[in-house]
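In what comes next, chain A is part of two complexes: it sits with chain B in the first one and with chain C in the second one.
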Partner chain A sequence: MIELVLQAIFSGILVGSVYALVALGLAIAFGTMRIINLAHGELVLLAAYTAYFVETNTGLNPYAAIPLALVLVGGLSAVLFLMINRIREHRELNSLILTFAVGIIITNAILLAFASDVRTTTSPLLQDAVSIGPLFAMNGEVVAFAVSLLLMGGLWWWLKGSWYGQAVRAVSSNRDAARLMGINPVRTEYVAFIAAGVLASVAGVALYTMSVVQPSIGHAFTVKAFIVTVLAGVGSIPGVFLGAILLGVTEALTVTLASSALQELAGMALFLLVLFFLPTGLFGARARRG
Partner chain B sequence: MSSHVPSVSRPSSWPSSIVFVGIALVLAALPLAAGAGNYFLGLLISALILAGISLAWALLGNLGGMVSFGHAAFFGVGSYASALLSAKLGLPVLLSVPLAGVIAVGASLLMIPALRLSGPYFALAILAYSQIFRILATELSWLTGGAAGFQAIPQLPTVLGLDLASRSGSYVLLVVVVALCALVYALVRRSLVGTALRAIADSEDATRVVGVNSMLLKAWMLALSAFITGVFGALNAHIIGFLEPDYAFSGVWSVLPIIAAIFGGYRTTFGPIGGAVIIYLFDQVVAKSIIAVGHQILLGFLLAAMILLAPNGLLGLAERFLKGRRDAEA
Partner chain C sequence: MLEIRHLRSGYGRVTVLWDVSLTFREGTLTTIVGPNGAGKTTLLKTLAGLIPYEGDIRLGGEPLRGKAWDLAERGIILVPEGRMVFRDMSVEENLSLGAYPRRCRAAFASNLERVYSLFPRLKERHGQLAGSLSGGEAQMLAIGRGLMSMPRILLIDEPSLGLAPVIVKEVFDIIRRLKEEAITIVLVEQNTHIAVGVADDVHLMRSGRVLLSEPAANVDLDRLHDLYLAREAQSA
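Our next item is the complex of A and B:
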C-alpha cells in the first residue's frame, strides 16, 4: 500500500511539472491582459498533435516537432491576441466567449485532421521504464519533467533579466504606471501571448510523450491550468509549480486510492475548496473577487 | 460605443416588442399550418429546447452579468429529477416537470458561493460544478442507472384532447413554455429588479452603496435561470424517453446555448430564441451534411465572427439598422 501511494505521488509530481507549464502560459497571458484564454488547452493539444504528426510521418523523436509546434502554436497564439485586441465592448465577457469559440475551432480541426482516436508516442526510447529506487517511471515522463524544469528556469530568467520580461511583469503589476515608464502595454501583451504560445508548444509535445491525447481533452487542460493558477494565486513561478504538483499528486492519488472515474472530480473539488476557503490561493496572491 | 447609456434606459419600447411577438407567433404556427412532417417537427422541438436553455443562459448573462459554462448541470439535474420522480415515485409528468425545475434551483443553491467570484472565476467554477454533477450521476448508479442509462421514462400525457407525446403536441407545448419563459424574462427585465441588475452590471460597488443587495439579486437570477433550464431538461427527458449521464450532462447543453444566445443577441428577449432555432437547424441540416464529424467547427467560426463583427448579435444588428433609419428620417 505504501509503495502504491509513494508511486502515485511520484507520478503525480512528474505530470504536475507539465501542468505547471500549461498553467504558466495561461497565467502570463492573464497577468498582462486580465483575460482568461479559454483556448489555451487547445493550443497545448495542437502542439501535442503536431508531435504526433511529425513522429508518424518522419519517424523522428517527438521532441523534434518542437520547432514546428513553436511556429504553429506561437503563430496561432499571436493571431488570437490580435483578435482579442479588436474587442472593444464588454471586453472581459466577449474575450471569454471569443477564446472559447477558438477552442471549439481547434478541437474540431484536430478531430477532422486526425480522427477521434487516442494517440501516444510509439518511440520505444520514451516508453521504456526506468526505476529510481523502488519507484518506476517511463523515460518519457522523466524527460518531460526535466524539460519542464528547464523551461521554467528559462522563463524565470526571461522575466527577471530581459527587457520584455520586465515589461511583462511591470504591465502585470500596474498597467498605468508601466505606461508612464515608457512601456507600450499592448505590445507587451502581444509578447506575453507569444510567450504563452511557446509554453503551450513545449507542454503539448511533453504531454504527448508521457501520456495519451485525443481531440476532446483540450478544454480539460484549460481547466487544469485554471485550477493550478487558483491554487497558486497568479503570483509566482514557484507557486504555480507547487500548485501544479499538488494537482498532479491529488489526481494520481485519487486514481490509486479510489477510481480513475473520480480523477477529474478530485481536481474540481480541490479547485472549489480553494476558491471558497482560501480565496487568495494556497500561497497568497491578489484578490479575485468582483 | 458606450455601454451604459443605452443600458440604463428601457431596453426596448412596447410597440416594437408587440411586433416581435406577432412575428414570433406567426412563425411558430407556420410549421403546423404547413403540415410539416415528423422529422422537421422533431428538429424544431430540439431547437425549442435549446431556445429555452439559451433564454435562461442569456437571462443570467444579460441581467446577472455572469457567463456560465455550466448550464449542462441544471439541464442534467432537471432531466434526471423529472425522470426519477415520474418513473420511480409515480408522480404525474405535469407535476414532475416543474418539480424538476425546483430541484435544479436546489442545485443552483450549491453554487451561491460562486456568485462572489468575478468573470472568469465564476465561469470556470460553474463549469467545475457541472462536471461534478455529471460524475455524480454516473457514480450514483443505484439511483440513476449509471453509465448504462435510464430507460422507460414516462411520456408526456394527453391534456384537453391534445396528445403532448405526439410530435405536434410536443411542439405546441414547447412553443407555449418558451413563450412563457420569454414573458417572465421580459417582465423581470422591466421590473425594478431589472433596473437594479443593469446598475450592478455598470458598477457593482456603487449599486451596493445605495443599498441594493447585489448578491441576493444575482442569486435570484441564478435560481430563475436554473429553474428554466431544469424544466427544459425535464421536458426533453420525457420527449426522448432515455437518459444517460454523458448525454444529460453533455457539454453541448452548455456550449450550444452560448452560441445561440450570442448569435441571436443575448441582450434581447427574442435574440436567444431566434438564435437557437437558426443555429440548431444550421448545425443539424447544413453543417452536418457538409462535415459529418467535426461539424461544430462551423459553429466555432460563426461564434468567433459574431463576437468580432457583431457582438450584440443579429437582433442587435437589426436594432442598429432600424435606429439608424429612424435617425435619418428625423
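Our next item is the complex of A and C:
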C-alpha cells in the first residue's frame, strides 16, 4: 500500500511539472493583458497533436516536433493576440467569448484531422521503464520533467534578466509606470502572448510523450491551469511549480486510491477547498515576482 | 529648451488646460505651484505623452509628439505623482527598468553607481521589494529610477506629498544637487516655500491657466500666496 502511495506521489510530481508549464503560459498572458485565454489548453493540445503527427509520419522522436509546434502554436498565439487586440469594447468579456470559440475551433479541427482516438507516443525509448529506488517511471515522464524544469529555469532567467522579460513584468506590475519607462505595453503584451505559446508548445509535446491525449481534453488543460493559479496565489514561478505538483499528486493519488474517473473531480475539489479556506492561495498573499 | 505654446489638453471632452504657454530653460530648475485641481499634474502628463494635446510643444526646436514610450526614449522623463514604483519588484529591478530606453542601456552600470551614491539608502535596500519601502524611500526610488533614464528634462510631480518635514528636506537636498549638475528640471509642488527656494523660475497655475511667471529671485511669497488662494481681488 505504502509503495502504491509513494509511486502515485512520484508520478504526480512528474506530471505536475508539465502542468506548471501550462499554468505559467496562462499566467504570463493574463498578467500583462488581464485577459484569460480560454484557448490556452487547446494550444497545448495542438502541440501534442503536432508531436503525434510528426512521430507517425516521420518515425522521429516526438521531441523533434518542437520546432514545428513552435511555429504552429506560436503563430496561432500571435493571430489570437491580434484578434483580441482589435476588441474595442468590453475587452474582458468579449475576449472570453473569442478565446472560447477559438478553442472549440481548434478542438474540432483536430477531431477532423486525427479522429477521436486516444493517442500516445509509440517510441519504445520513451515508453521504457526506469526504476529509481523502489519507484518506477517511464523514460518519457522523466524526460518531460527535466524538460519542464529546464524551460522554467529559462523562463525565470528571461523574466529576470532580459529587457523583454523585464518589460513583461513591468507591464504586469504597473502599466502606466511601464509606459513612463519607455515600454510599449501593447508590444509587450504581444511578446507575452508568444511566450505563452512557446510554453504551450513544449508542454503539449511533453504531455504527448508521458501521457495520453485525445481531442476532447483541451479545455481540461485550461481548467488545470486555473486550479494551479488559484493554488499558487498570484504567481511566482516556484509557487506555480509547487501548486502544479500538488495538483499532479492529488490527481495521481485519487487514481491510485479511488478511481481514475474521479481524477478531474479531485482537482476541482482541491480548487474549491483552497478558494474557501485560503482565498489568497496556498502561499498567502505572496507578491508576484513573475 | 522646452517651449509650450497655446497648449490645450484634458481628459476626453473635459478640457483642463486652457491656452498654456511656458518656457523651460536648459540647465535650470522651474517650479510650478498652484492649488489642488489647477492642472499641474495634467500639464506634466501631457508633456510626458500620457495625454494628447492641441497646440505646440517643442524640445530644442523639434516638435514634441508621440506616445509616452517614444518620449522617454527622447529623454522626457516623468517622476509621477504618487511615485508609481513597481511594488512587487525589488529596488534594484525598479532602477533597472529606469534604464529601459535603448540609449540608457550601455551606461546602466555607471548610472546605477551614481544613483546609489546619491541615495545610499537605496543601495542598502537594493534587494527589498519596492512595495515595502517607506514613503520617503519610495520617492527616492522614483527619482533614482528617473535618473537611470538619463533625462534631458526631468519632470517631478509633488515629491513632498505625504512626507514628514525632515524627509522633505532630504528629498529637496537631492533635488538641489541635481540642479547643481545642470539637469533641466521642472518641479511641481504645493510646498511653495521650499519649492520657490530651489527654483530659477516660478510659475503659478490656477484653473488650467498660468497666472504668474517670474524669476524665483523676484517672487514675493506673500503675493504668491494671495494669488494662490485667490484673494487677489480683495488685495488689489
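A few points about this structure:
Here is the rule we use: the second predicted complex is superposed on the first by the 284 of 290 C-alpha atoms of A that agree within 3 Å, B and C clash if a C-alpha of one lies under 4 Å from a C-alpha of the other, contacts with A are read in each partner's own complex, and residues count from 1 in each chain.
Keep in mind that, in the parts below, a residue touches a chain if its C-beta (ideal position, glycine included) is under 8 Å from a C-beta of that chain, and two chains touch if they have at least 3 such contacts.
Note that this is a predicted model, so its numbers are computed, not measured.
Superposition of the two structures on chain A shows chain C fitting alongside chain B with no clash.
Within the superposed three-chain model, A:Ile237 lies out of touch with both chain B and chain C [touch as defined at top].
Contacts of A:Glu92 after superposition on the shared chain: chain B is touched, whereas chain C is not. By the touch criterion stated above, A:Asn108 is placed in contact with chain B alone, chain C being left untouched. Judged by the touch definition given at the top, the superposed model places A:Met268 against chain B, while chain C stays out of reach.
After the superposition on chain A, the angle chain B-chain A-chain C between C-alpha centres rounds to 90°, nearest 10.
Taking chain A as the reference, the larger set of touched residues comes from B, when chain B and chain C are compared.
When both complexes are overlaid on chain A, the residue A:Val198 reaches neither chain B nor chain C.
Looking at the shared chain after the overlay, A:Ile183 reaches chain C, while chain B stays out of its contact range.
Between chain B and chain C the least C-alpha distance in the superposed model amounts to 12 Å.
With the contact threshold set out at the top, residues 288-289 of chain A are in contact with chain B in one structure and with chain C in the other.
For chain A in complex with chain B, the touching residues are 36, 83, 86-90, 92-94, 96-98, 100-105, 107-109, 111-112, 115-116, 219, 223, 226, 230, 261-262, 264-265, 268-269, 271-272, 275-276, 288-290.
Partner chain A is touched in their complex by these residues of chain B: 1, 3, 61, 65, 67, 69, 113-114, 116-121, 123-125, 127-129, 131-132, 135, 138-139, 204, 251, 255, 258-259, 262, 291, 293-297, 299-301, 303-304, 307-308, 311. Residue ranges on chain A touching chain C, taken from their complex, read 163, 166-167, 169-170, 173-174, 176-184, 287-289. Interface of chain C with chain A (complex): residues 48, 50, 67-69, 72-73, 77-78, 80, 84-89, 93, 96-98, 100-102, 105, 129, 131, 145, 149.
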